[in-house]
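For clarity, chains are labelled A, B, C and D in written order, and residue numbers in each chain start from 1.
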Amino acid sequence: MKISLLYFARFRQCLGVDQEIIDTAAGSTVADIIDSLAARGGIWQELFAGDASVMAAINEQMATLASAVQDGDTLALFPPVTGG
Amino acid sequence: MKISLLYFARFRQCLGVDQEIIDTAAGSTVADIIDSLAARGGIWQELFAGDASVMAAINEQMATLASAVQDGDTLALFPPVTGG
Amino acid sequence: MDTALLDTLITQVPLDVQRASDWLHADAGASGAVVMFSGLVRGEQGEVDTLTLEHYPGMSDRVLAELAADVATRWPLQRVLAWHRVGSMSVGDVIVLVGVTAAHRQEAFLAASCLMDLLKTQVPLWKKVNGPQGEQWVEARDKDLQAAQRWL
Amino acid sequence: MDTALLDTLITQVPLDVQRASDWLHADAGASGAVVMFSGLVRGEQGEVDTLTLEHYPGMSDRVLAELAADVATRWPLQRVLAWHRVGSMSVGDVIVLVGVTAAHRQEAFLAASCLMDLLKTQVPLWKKVNGPQGEQWVEARDKDLQAAQRWL
């Protein structure tokens, strides 16, 4: 299934990418997708491997690592927020 | 010794007096003076007898019932404050 | 730490919220957090038309200034403002303005809250409300005394 | 209880403190207490020249509006305002304005404080500071997470 990924703030800037579309297995969770990104190595691994602090939103709703994504969903990944 | 008394708010209005000068024994405390006022009877007793809520300031500094007054002091008596 | 700038006032003149706000925000780059509290005359569903505030001139000003200075020793504040109106007021009029600036919001919220709690129980000010039922002196609330106890 | 009036906004335009204050104070006779918080860009002793705020358009607006509505269910509030600026700002500029009106000050202080704590940890906004040392993304503070935990 196809998922749109969005990156914000430090992630967007470090990766030099603000969005992409990926193919992922049906039933994938946010954690699965983050792992697959970490597996790209380099800066991807640095940002997304292990106990990195990553917040996620699916279709603009806050999600957890265990949340499942559906075909056509937009998954946004970003560092802990720092507004206010 | 002579003490100036000031009354504020509900006390001032109920008593119809905003200040007076009284003679009191040397060594008098705020409590002694309040008792002597209550002994006047009528509205004075109503406002100042027993467990009435009375705040006191000596020369514009908050005082307690046990505070001693000196000759020439100004003792202000008033209900609990309600500003803000 | 630098000493905080204090601005305290007891006045019969209507309080200027914008001037208070401007003074607090003028501290631009140093402070990051401004908290301002305004207390207004409540209509109480038609029970209140006007409010009269009596004070103990001289003492009220001094105690208010002392409280502002006290609060500025408890938290690292840049500015402390405390203005209180006395005399006759109408529904919606501003009775009191309290504001502080600090580097962080927690300190600013605590300091403003503390200053209001102390002011309510220590400054010699008394409210009398006037409405269709006649006039009545406002009774002190236990809740205000309890709130002030937190800081003593 | 009547529903609170909400006014939330994410904007690139400089925030107008006076307009926010006027809107909160316009609630005259009903509310007795107004608490307003402003968060400003701190200079950090010359370490910061400008600040850039990135957000997740669409989601940031929605989450901010939801938080304002949430806070209005926790306390009896008449008005809730939450404006946040995004884009590029200078030292002293207002980043965020949060204000509430209520009948009593305790509720107003709690509600404004709660809204700020939740905003800081839940609205998708990110700060980057620019100064003589170059640019740097601001790190989330544990203290902010702990502050938000109080309300969850």
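Quick note on the criterion: a residue touches a chain if its C-beta (ideal position, glycine included) is under 8 Å from a C-beta of that chain, and two chains touch if they have at least 3 such contacts.
A quick note: this is a predicted structure, and the numbers were derived from the prediction, not measured.
Peer 1: Please strip out chain D, keep the others put, and tell me the connected groups that result.
Peer 2: A | B, C
Peer 1: Greatest Cα-centroid separation from chain D: which chain?
Peer 2: B
Peer 1: Which whole number of Å gives the spacing of the CA centres of chain C and chain D?
Peer 2: For chain C versus chain D, the centre distance works out to 23 Å.
Peer 1: Report the inter-centroid distance (CA atoms only) between chain A and chain D in whole Å.
Peer 2: Averaging C-alpha atoms per chain gives centres 27 Å apart.
Peer 1: Determine the centre-to-centre distance between chain A and chain C, using the mean Cα coordinates as centres, and give it in whole Å.
Peer 2: Their C-alpha centroids are separated by 48 Å.
Peer 1: Spell out, as numbers or ranges, the residues of chain C touching 2 or more other chains.
Peer 2: 39, 105, 116
Peer 1: In chain B, which residues are in touch with two or more of the other chains?
Peer 2: 84
Peer 1: What pairs of chains are touching here?
Peer 2: A-D, B-C, C-D
Peer 1: Chain B touches which residues of chain C in the complex?
Peer 2: Residues of chain C touching chain B: 39, 53-56, 58-60, 62-63, 84, 95-96, 116, 119-128, 137-140, 144-145.
Peer 1: Note which residues of chain B are touching chain C in the complex, please.
Peer 2: 6, 8-10, 12-13, 53, 55, 57, 60, 62, 76, 78-84
Peer 1: Which residues, counting only chain C, touch chain D once they are in their complex?
Peer 2: Its residues touching chain D are 17-18, 21, 25, 28-43, 91-92, 94, 103, 105-106, 108-109, 112-113, 116, 143, 147.
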